[in-house]
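Each of the two complexes below includes chain A, the first together with chain B, the second together with chain C.
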Partner chain A sequence: MTEIDKNLKYRLTENVVSREIEGEIIIVPLTAGIGDAEDDLFSLNETGKAVWGYLDGTHSVQEIIDLLEKKYDSEASGITDDVTGFLNELLSRQIIEAV
Partner chain B sequence: MNGSDFVEKIKPHEDGFMTTGSNRLGHIDIELTERCDNNCVHCSINIPENSPEQKRELNTSEWKKIISEAADLGVLSIRFTGGEPLLRKDFSELYLFTRKLGIKVIIFTNARKITSEIAKLLSKIPPLEKMEVSVYGMSRSSYEKVSRVPGSYKEFRSGVGLLLKSNIPFIVKGIHLPDNLSEKEEFESWASTLPWMDQSPSYSGSFEFRERRDSDSKNKIIASLRINSDLNAEKKELTRSRLDFLEKFIGPSGPDLFSCGAGQSGSVDAYGFIHPCLTLKADEFAYDLKDGTIKEAIFKFFPEKLKVKASNPEYLNRCSNCFLKGLCLQCPSRAWSENGTFDTPVEYLCKVAHKEAKDIGLLKGDEKGWEITDWKERIKKLEEKGDDRDR
Partner chain C sequence: MEVIPESAELSLSGENLLKLMKDVHLKGGSLRFTAKGYSMTPSIRHNDVITVSPLPDRDLIRGDIVLFRKEKNSQIVVHRIIEKRSSNYLMRGDNSDESDGWVTGNMIYGVVTGIERNGRTKFCAGMVDNFFIHAILLKFYPFIMNLRRKAVKIIKLFRNKKDLNGN
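Right, the complex of A and B next:
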């Protein structure tokens, strides 16, 4: 797991397309090599869904954490771990990139 | 918030994303063209490559509008078929457009028009579904007796070679015809060497008459090919999966004509009409997308139209009461292409179903499926036999 720089802003890469279907965020690979198999599609859990909308290249990681902390009234450390864990997973799958 | 497993793999079929729900659609078929570069002797939907019908085909922007609406309705996969879909000069553009909307693409092709450019595109932007390549023979002679186009075998081999070289997942399908029947073993042996074939190749199930009812002479050829197909095929064995299928679908269907799932998705033809299934081309069930929407067709037009019931006394006496439903391919589409009505029994399909029923022990002698009242007991006996065999 790499250290996430909280000052960075992230956005979707051109390797994937995201769709919202019946309340689910579905991530569809566009280019080869995103999934482990040729037909892998992905969905997000509740944490993922909460963060997803902020991955538009305009919010820094710290801003996302602050926004979610206000929204969920949770301990900042828990939210920080969730957000950075989520971003790490997206980065490892080439789904997001730093702006 | 709850962490861990932030990103989960989904299986669209198992997770319900391919199911048509209220106002959403999982899959749609698109016949980009009815033209084909082959002239296969058995084909039910091919017109010549340079047919003037090309002028009637939807243009690129009309296709994009339809594909965009499909995406808006939640469609996760589209099948591009034909004819030969790669004959469309805008194939790459439409393919890329569809994939960029987050839709998986299934391509049905004969592989003759797979060029290095197409292979490069499919390699870089994978369809996310295995392509399906039809194979008509393992030698130039056998292949071209079916395709009836000189040079087609060489192009097919070249296309398949490019797919392999570019590591583009595909499976192959065959068809039993007099001119390639002796090559079955060779075909299956070759198919087993392809990295994406996780089971034996499928074969086209039946020889269907022309979907457009546009050629009596071709229908005569197709009818003559049937003599060498299912009716003379080796005795069918009852596999476990076949038994499971029968348990699920056997039993009289009554007067409802559309009990098959038609209309839950749709098939858009080359001219912009959406039909309840890929093979049903009758005007009565066609909806013009140039003047309407997929949503209107799937959620209003089809449900109303497909309520139709059989009225032909012969159908009501036979098919409605016949318990061989799970074995018989009789359906409104085949009845129409064969007879021009939706509720006339297709004699060929009836013979094939009765032959299989006898082979597996559901019928004896000259018994007819619609005369049998103890069919539940017969199925039960088969199940017991199957269970004994599986032990």
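Right, the complex of A and C next:
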């Protein structure tokens, strides 16, 4: 697993379509021009959505962690692991890229 | 690390599927999903996986299978063009005796360029232009298919709020 640099900012790649549908964020990666709603469609839970909103290329990973720490009044270590793990998942699926 | 892949299901209506498809088409991509219904049998069977692509540069022709909105009830369906007059199209499901009526070109959102059944491709973009094949299908197999609800996977990539609060 790639080590996430907390100073980096991330944004969605060009090959991703996301849309909020009935309260869910639906993510469809485009692979070779195909958005595969059959085998490759994703959604996030509530906290995943909170992170997703910051993946606009303007917030560093550390800033996202700080914001979530305040929002959820939770321990930094837990938040850090969750955010970096989440970002690693998205990176491995080529859903996000570093700015 | 608390990254939790978890399968779940979310219903996606034909209307929402259309919104998603439009987003994908805006990026020049095609959308692949499972079709539900029997109106297009045998060309498209219940649970076949179809690929809907952006409208091509060429004119749509009789025999093309397209995703469109019905005039009479606004339902989103995938049917075949059986007649064309100017920019109006008469639609019908291969498994239906009656047509859906005429729709204008701006109610057509995409064209079917792929049909997979049991993991095998049965239809691809090249066949769209093959009027002879379509003429045979039209003669023997009228049809229609509804895009009702699509179950999608949900993967939890993050702990929920309750977990974060340590409850």
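Throughout what follows, the second predicted complex is superposed on the first by the 91 of 99 C-alpha atoms of A that agree within 3 Å, B and C clash if a C-alpha of one lies under 4 Å from a C-alpha of the other, contacts with A are read in each partner's own complex, and residues count from 1 in each chain.
Everything that follows uses one rule, which is that contacts are C-beta pairs under 8 Å (C-beta built on N, C-alpha and C of every residue); 3 or more make two chains touch, one makes a residue touch a chain.
Remember, it's a predicted structure, so these values are computed and weren't measured experimentally.
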Which of chain B and chain C A:21 touches, first, second, both or neither: both
Partner chain(s) touched by A:45 [first = chain B, second = chain C, both, neither]: both
First (chain B), second (chain C), both or neither touched by A:85: both
First (chain B), second (chain C), both or neither touched by A:72: both
Partner chain(s) touched by A:56 [first = chain B, second = chain C, both, neither]: neither
First (chain B), second (chain C), both or neither touched by A:5: neither
Doubly contacted residues of chain A, that is, touched by chain B and again by chain C: 17, 19, 21-22, 26, 28, 30, 35, 38, 41-48, 68, 72, 74, 78-79, 81-82, 85-86, 89-90
Chain C partner contacts - residues on chain A that touch it in the complex: 14-15, 17, 19, 21-22, 24, 26, 28, 30, 33-38, 41-48, 51, 68, 72-75, 78-79, 81-82, 84-86, 88-90
Contact set on chain A toward chain B in their complex: 17-19, 21-22, 26-32, 35, 38-48, 50, 68, 72, 74, 78-79, 81-82, 85-86, 89-90, 93, 95
Of chain B, residues touching chain A in the complex: 1-10, 12, 15, 17, 21, 24, 71, 74, 76, 99-104, 123-126, 128-130, 169
For the chain C and chain A complex, residues of the former touching the latter: 1-3, 10, 12, 16-17, 19-21, 23-24, 27-34, 49, 51, 150, 152-161, 164-166
